[in-house]
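Input: structures, listed below.
You will see subunit A twice below: alongside subunit B first, and alongside subunit C after that.
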Partner chain A sequence: MATETNIRTGNSVATEGANLCWSCNAAVAANAHFCPNCGKVQPTTQIDYFEFFNLGGAPTRKLNIDLSALEREFYRLSRKLHPDVFARASAKEQLWSLEKSSQLNDAYRTLKDPIARTQYLLELEGVKLEEQSSDATHAARTSGEQKKQVVPPELLEEVFELNMQLQELRMNKEMGEDDPSIASDLQQAKHRFEKMMTEAMSELKTYWDEWDAVICTPGSSEAGRIKVRDKMVGLLNRRSYIRNLVRDVNEALGN
Partner chain B sequence: MAYSDKVVDHYNNPRNVGTLDKSSSEVGTGLVGAPECGDVMRLQIKVNPETQVIEDAKFKTFGCGSAIASSSLATEWIKGKNVEDALAIKNTDIVKELALPPVKIHCSVLAEDAIRAAIGDWKKKQAATESAPVAAQAK
Partner chain C sequence: MSKSGIQIESNGASAVERVVGIDLGTTNSLVAFMEGETPVVIPGEDGLNLVPSVVAIAENGEPVIGNAARKNLIETPERAVYSVKRLMGRGVEDVQDELRYFPFKLAESGLASLGGPLRIQLGDNTFTPPEISAFILRQLKRNAERYFGAPVTKTVITVPAYFNDAQRQATKDAGRIAGLEVLRLVNEPTAASLAYGLDKKRDGIVAVYDLGGGTFDISILKLHEGIFEVIATNGDTHLGGDDIDNLLIGIALDDIAGDMKVDLRRNGEAVQAIRKAVIDAKIALSSSDSTTIQVTLPGGQPYAREITRAQFETLIEPIVQRTAGPAKQALADAGLTPEQINEVVLVGGSTRIPRVRALVKELFKREPHSELNPDEVVALGAAVQANILSGGSKATQDMLLLDVTPLSLGIEALGGVVAKIIHRNSTIPASATEHFTTGVEGQTNVAIHVLQGERELAKDCRSLARFDLKGIPPMAAGMPRIEVKLLIDANGILNVTAREQRSGREAEIEVKPTYGLTDEQVESMIMDSFDHAEDDFRERQLIEARNEAENMLAALEKSKKNPAWAVLSADEKKRIDELEHKLADIKCPQHNATDYKAIQAATEALNKATTRLAELMMDSAVSSALHGQTMEGADEKMGQGPAAPHPIAPAEFSKR
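Up next is the complex of A and B:
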């Protein structure tokens, strides 16, 4: 294996673009699953999901991808890598087909979902969504200043209020009385939040376009890249509250 | 994932759930959220203007068991402390006390944020009443 990619950072450990086939010694691209010369399955490598599907490696991973092409490639590779195909192959080839099949499933599941794909890219770009909030808390503790919440205060207020309503509805249900006005409030809230989810999705898509434009412009600044990246982080943060609300409203309404 | 006994205890018997009068000059309110999981937490404190001691604390949290336990514990800890001592509470203290697993650390962060936000809100109110002496001393 000449190239190993650290899946968390996307940094190539070695920069060589090609390997040699273990079986026939022909040159093989680092992310190729089969040798173009002898057709043998190649060893498993720790490449990221974009590279696995040959959708470009760091730093030019595009967020707009052709989903039907992705699906076709998924089915094609599923058939070709299926462990049954390797029943009579050597032990190492059997192992690679198993490992690659598992990588294939993870990669497809992540890339086909718009949110998972964006989160995955952000992770490759070094954003740890899990840690940004605690980092901000540490900063606030040190400086003694108010921590800046990562979502707008109005959204928090709204989320809190809706949760109060939901709780009221649940309690009323437990007591055996259904207040129709609460139910209709919840219906309205459900529509409002579902609309917000749709809007968040179209907003995300405009950021994908911005991202793809930035990474494809030669000599574009790192600052521009970070700006788009952070817009996506902010949006995903807001979206996680809205997603929970939609889930809880549906649960309370008994859908 | 199994919750620790302390988390379960706070979850089943949450301390200090409720609301304080948001408009009172002695009450500070903090509303914070954890974007990782979409949890929201409101923590309120009532501070004695003479001694600066937190005489009462209430919370309301919509979230997982660890978030509820973290805020419940936070209200228990800050009651009876003066505001500066309450600001010294760190999320890691909560993690230790409740034996929170790594995936739930953000719940403790949320509780620390809520304490800071409530005290910040209270301080803002104090500054406002000092600069408006006519309205002050009205309790």
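Up next is the complex of A and C:
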């Protein structure tokens, strides 16, 4: 690692509007990856993942994305930005290629995954998803406390029962006993939760539609926007809660 | 070969310098390049494609490499080493297991062996694993230069996909020491897929199962119009044919001890002779149903033991089964079932074993491919990648490799927990930005511990490096906002930058690789300028002796701050101090010191005198590691300024 430490990010924060190409001085759009005139790669800019793929900036970031178009664009940009292509280029172009292709990969990884994409958009919208953030996880682990996750009210009864079963199963394991009825109960609970996960996913997609409609309607109220946003926050928290339950059950069943 | 005659005649160098591809293997190494549209392996002087990864140091101090060094393994095992790849990027405490089976002789277990890279004793000298690998690389470089009649300075080197950052960096260092610019490290299974993809050009999902001499990799790729996109990779960097050999050696040794009442376990020559015999038997069992392990023991007694393929398969089953876990994990990570895999490719010499092929068939539910020679396919793929990097040709113009990082990257947070910031199987280059702040008023340094691995706790992951961010302007606790950007490049190697955002000051980073060479050490090892000449050789010895002396003195200075120092008796301390002064004196260039042997002797004397100190430190280090603490407290490295034992507090988790 010693040989690779001091790559410094060029201080090339793009200003509004057009820049000039570093190589041929032609005008270049602020977020363009290449000069339209000479085709040379342009300095790295601090842009979000939607902008990187030219999928619109704030406040018009849509959540419904054509995944096959995204993949095509990812491949197209990879062919042009990957460090392999710049193996014989100047040091600064190599650096920009490295930075831009890492942005490209990070952006693609986030946008192609429905949950990661929604979370990312919500973060851009200023929401801190406490329950799911790694900060919250660390804080909980460090203090040894259970992560403060609000049990979704409609799940209260189910979760209560599940915890009893999990405890019973663990006690049985310690005593070296085996009660197949608990395992089968848990198996059923697992299937129920997995079904809820699937339902949460389709519910999320309806919110995407609502979101995309709200942001595309001229003159739509800020309140409407916040309403959809908060619905998604609630759903993601609920989903992450259920996901943890599935994980707990899987662990208990030794999967 | 391309025609660039005028240039060649005028200055002996080709206008377009050829970039070669190198497979630096555990057992064998190869160099290849693209001849027109086809990758070919460049043979050595002996006409053979494979250069055994064996290095010996002759009595006159000259290195002997490859087939020529093989006889040294048996005749002078104390001057020869093989399978050094297993030691790349590893620390002393990592290799204790290996030492039970391999004739690696580490340099005396004095202080110098703690902390720094490990050193292997070969005859009178000691070498780090990257230096030994560099001997092999330089041999391959020479083979290529003889073949082209022109210098070769640029290369692509393959590494196991599951190699961590330290192992990759060590490989890159080896290239530099050998006088080669390493344009890219390519993962071995991915390289193999390039070689296969070159003539197939078919889209689909491909699994590459690579079981070599010392490492196992499984990679799952999506091929799409010339793009080779790795979806998931997994493996074990200490699993391969060596393990089968060691198993059989152990059985033979027990056999001989039991039946013939001769204990040869400590007899290096005999063990090497047995090793050769069991390897011959292993190879024979790939094509016949039974064979005999035959060897003549010291004293002329013959040992022979018949072994059937069925017996062999029962014996090796646990080793072969160890590949199943990573293979299934890779499938799970890729989100695929075996039925969704279109093709399976076999790579590595150990895939010649019928039981291995049978397991692959069970795992992926289809007959695997092995049209290309499993010993050569990785080098051929490296040549394809080398061609791509030097501008491509008609055959490679649409080809692009998108690889992934095999292990998650994380930062140690409060409580010894690892916060994962780049997950395994992320396409590289990949990056993550983290923010840190101070925990104490006026604090000017922050220590950051970077780790690699899948486990939750820092003590269970691989420590990559500790970074000291220095020169933070003094502010109230929690005020500074330090942005640290971690970027994994296309070689799978970590790069770090940091900036204090309130003052806009670029924080200075000092990297302490946990097991690796510093830049200065690599510089001092570069072989090119020391090639051969007698004087240069002596000078190199001198430089090395001085380096060793300096390392020794630095290690001692550090150790004096260790609690173990207080345990020593007054006499012991006095003796160490005397020898320390003597060494400090003799190593100075102003003093007579043209005699490297005198410096070596003084270093050795001090090393001996500190053996007990080192043992005490090692004991306490090991016991504290067992108790879940990190080996070295971050506070020791904080320098001046107020310091808390754990000054790190992730201020905010942010994605840009």
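Following the convention adopted for this analysis, the second predicted complex is superposed on the first by the 211 of 255 C-alpha atoms of A that agree within 3 Å, B and C clash if a C-alpha of one lies under 4 Å from a C-alpha of the other, contacts with A are read in each partner's own complex, and residues count from 1 in each chain.
What we mean here is this: a residue touches a chain if its C-beta (ideal position, glycine included) is under 8 Å from a C-beta of that chain, and two chains touch if they have at least 3 such contacts.
Predicted model, so just to flag it, every value in this text is computed and none were measured.
Participant: Could you tell me if A:E123 is touching subunit B, subunit C, both of them or neither one (first, second, both, neither)?
Facilitator: Once the two structures are laid over each other on A, A:E123 reaches subunit C alone.
Participant: After lining up the shared chain so the two structures overlap, which partner does A:A91 touch, if you call subunit B first and subunit C second: first, second, both or neither?
Facilitator: Neither partner.
Participant: Who does A:P153 touch here: subunit B (first), subunit C (second), both, or neither?
Facilitator: Touch partner of A:P153: subunit B, not subunit C.
Participant: Answer with first, second, both or neither: which of subunit B and subunit C does A:A223 touch in the superposed model?
Facilitator: Touch status of A:A223: no partner.
Participant: Residues of subunit A touched: more by subunit B or subunit C?
Facilitator: Ranking subunit B and subunit C by residues of subunit A touched puts C first.
Participant: Is A:M175 touching the first partner subunit B, the second partner subunit C, both, or neither of them?
Facilitator: Once the two structures are laid over each other on A, A:M175 reaches no partner at all.
Participant: Residue by residue on subunit A, keep only those touching subunit B in one complex and subunit C in the other, then list them.
Facilitator: 133-134, 141
Participant: Which residues of subunit B touch subunit A once you look at their complex with the stated criterion?
Facilitator: Interface residues on subunit B, with respect to subunit A: 31-38, 40, 42, 60, 62, 90-91, 105-106, 109-110, 112-113, 116-117, 120.
Participant: Inside the complex, what are the residues of subunit C that reach subunit A?
Facilitator: Of all residues in subunit C, those touching subunit A are 165-166, 169, 172-173, 176, 183-184, 224-225, 227, 388-391, 400-402, 413-415, 417, 419-420, 426-432, 464-465, 485, 487-490, 493-497, 499, 506, 509, 511, 513, 516-519, 522, 650, 652-653, 655-656.
Participant: Can you list the subunit A residues touching subunit C in their complex?
Facilitator: 1-9, 46, 48, 75, 78-79, 82-84, 87-88, 98-99, 101-103, 105-106, 108-110, 120, 123, 133-135, 138, 141-142
Participant: Mind pulling up the subunit A residues that touch subunit B in the complex?
Facilitator: These residues of subunit A touch subunit B: 129-130, 132-134, 137, 140-141, 146-147, 149-151, 153, 156-157, 159-160, 163-164, 167, 236-238, 240-241, 243-245.
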